[in-house]
């Protein structure tokens, strides 16, 4: 019998100049992997450097949270970026963050696309291939963190990249395993007790209860917790405690 | 008796999206070191990637041409950037370009500040220290390419960095060894024959004829040629041919 | 019998800082309406001011060439901008250019979307409505310049805006009146004589010869000529001369 | 005997995309003039539109808070912008905000430079002249809001602009009437009672107690209150209440 294990990942380093976002210092004590912004949707260089230093000091693994170039839209606006431009943009971001992380005694250990890019590469082969090409060009040993299904996973696996699946304890699931779209009833769970319970069930039993009550299988090596909502740190802390009490080991995947 | 040797450096990779600047392909056949833009004053990621690939294919050494974050001003506007922000910005730029260069089979081999930053660090200790701190943090083996005198040289040398001096065959010099300010008579030389002759004298005799006719000593391991002016390639080519005919070996310094 | 009349419009003011694009000074002598960039895909404020001054001095009508916020992509990348954000962005651009134009003795007299936004609003109701809402909010007397068909035309007309149709003398047409997509054979015509002949036929007979040889009706009050390609000025000049020789009066529509 | 009167101004509209700054809704109920960001240091177009709508609904006068183009530095970094570029940038910002304000039933009624530009134009004639040229070009009836002394005031007055002086109830003053520099002891006052008392004395007696205890004359038609610090709204509210209780009428100057 193997000990259950999971990773907790969250988005960090998303401040920009005078604008602050999220309680990175507190969240860093809860998570095991930090998806650090790379400057294209958020994250000025000093913020990235301070975030990497904090992650290194806290023993938190660093991932490159790559995005479309869209500060005004926080990377949440789908963009038709040609494949060669997108690949170069992703490469630029990974390299910039990795160099900064290395000067702070750590390094980029995985890549997670952000916002609109995250969703686009699950259904757009050209952009998925651009993303994967950039990761392979930089370091073919870097895993891709994303949802289990979708083009990005396929393309990455086909290209020999390690794909790490993540799930969302605070999101509603449909019976087919997809997420309930934001804006619909039940899309977002905010009760710490409920979310923590879902997290434990996901990790120890590999299932989540869907909107219609059915048990849906979920295979995930990492749980994503959100960092920029009110109560985010409290929710993440509740998840972590419940996992630890259930005998789940918390460890980065990379 | 040692064979005279010099490096020819020029700014490249300064296009941005739809806007093209300079004939990089032609210039790459003339120079030995390319100061490649890093995205802060010029250079979108795809341009950087293509420029690095071209440099690698041409055997041209790549340097990181770091700048203030100022696309609208092309990095030519002096900025009061706090030291910790500036250091992080420089680090970000070096890292981004180095990662791209490595995927194209080369790497960043030196750092040269661009535009207003180039001039500011020659007289501002705080910014000079920020620049040097960033280079050392990334890789203390990276030389700094700049004019022989000034705070940046001092601070870099004091911190154990190799400082490589450059001179300008197409710029007028005053009797004290300083450049004639742009806008003044004689600041810019455009006659290929004259500029080529000055280049040969600088490298083989270590002197340049100043505005007042005196011979001024110039110690430089690299000559800077400009890439974005009309006739730039022709001028650089004339300089290279004259140097070769004078028995000067052209070789990168890094 | 009415005298045939047309307008010639072209994109201007698309330089940005150190990067120059197009020969605005020469083109200004040929066209009757200038689609001036507003800073979101191109056009720094000083360029806009100089372009508006030139237009005013040349008696050329000024239109606001509004775009997605995308300097790196020159506004050519389709973007999922929420309607309220897009409307505010369009409003901001029209207002900025109009204020500048007024200080130079002219004003914004129409609006033409640029690049990806131009194509998107022809098939996306939400973005078309955002565009139209912004124009109406700023000044309901401002016409919208676009192709004859598409959602933008419908929505604008429905909202009481004047819609001015444009056609392209240098683009290939399919038998259904649509443009041959760029990249396909015959998409772009570059022979000045042929393009000029097509322009005359479009204006005087209201038809264009499609790829398959059929005569397709074209109703256009303005012809768009391109400004940023090699030979652009020569092509535009040939078009203007041929129109004048055919007795067509050249006059802005606004 | 005239009734004492003052204006309360504060910086608003300084959010940007996903990043929120300040409690604009609450502050709008306290102030009489809103210095609204124009997009160069802060303020995306939708934020500007919403802020102008809120100001119009609250009867608060709108001013254009113009800045260097520096989102990463929030306009706080001094920049050597050439005069013609700076004038065009200021003009662009005033025009953009004024157009938005007009669609929301109000208009730009004055101009206040932001951050580094505010301080630079007090001691740099070239930039002061650029600022003033832009305001005059747009609308010579727009007042300039700034501190009583300095080049900007002189140049503006000399050019026929109305100059409105402001003072700072929460800042320490030296005996010569200058502000105690930030970072020094007593530079910033945060006690609501004390600040409110200083505000009343400034308006009703035209004096402020300097660091050394002397009474320094202060002539100001407007008091600036800060919006982006913790307790900002409470402080501003205390100031307003104290002024009202002292019989001071609160009214915009424009």
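All chains are identified by letter, namely A, B, C and D, in their written order; residue positions are counted from 1 within each chain.
Note that a contact is a pair of C-beta atoms (placed from the backbone, for glycine too) under 8 Å apart; a residue touches a chain by one contact, two chains touch by 3 or more.
This is a predicted model, so every value here is computed, not measured.
Peer 1: Where in C-D, B-D or B-C does the A-C interface recur, with over half of the contact pairs identical by residue number?
Peer 2: B-D
Peer 1: Provide the C-alpha centroid distance between chain B and chain D, rounded to the nearest whole angstrom.
Peer 2: That pair's centroid distance is 43 Å.
Peer 1: Between chain A and chain B, what is the gap in Å from one C-alpha centre to the other?
Peer 2: 40
Peer 1: Where in chain C do residues touch two or more other chains at once?
Peer 2: Residues 44, 72-73, 85 of chain C touch two or more partner chains.
Peer 1: Specify the contact topology among the chains shown, as one of line, ring, star, complete or other.
Peer 2: Topology of touching chains reads as complete, every chain touching all others.
Peer 1: Give every residue of chain C touching chain B within the complex, in rising order.
Peer 2: Of all residues in chain C, those touching chain B are 15-21, 42, 44, 71-74, 76.
Peer 1: Can you list the chain C residues touching chain D in their complex?
Peer 2: It comes out as residues 39, 44-46, 48-49, 84-85, 88-89, 91-100, 102-103, 137-138.
Peer 1: Can you tell me which positions in chain B touch chain D when the two form their complex?
Peer 2: Touch list, chain B to chain D: 69-70, 72-73, 77-82, 85, 116.
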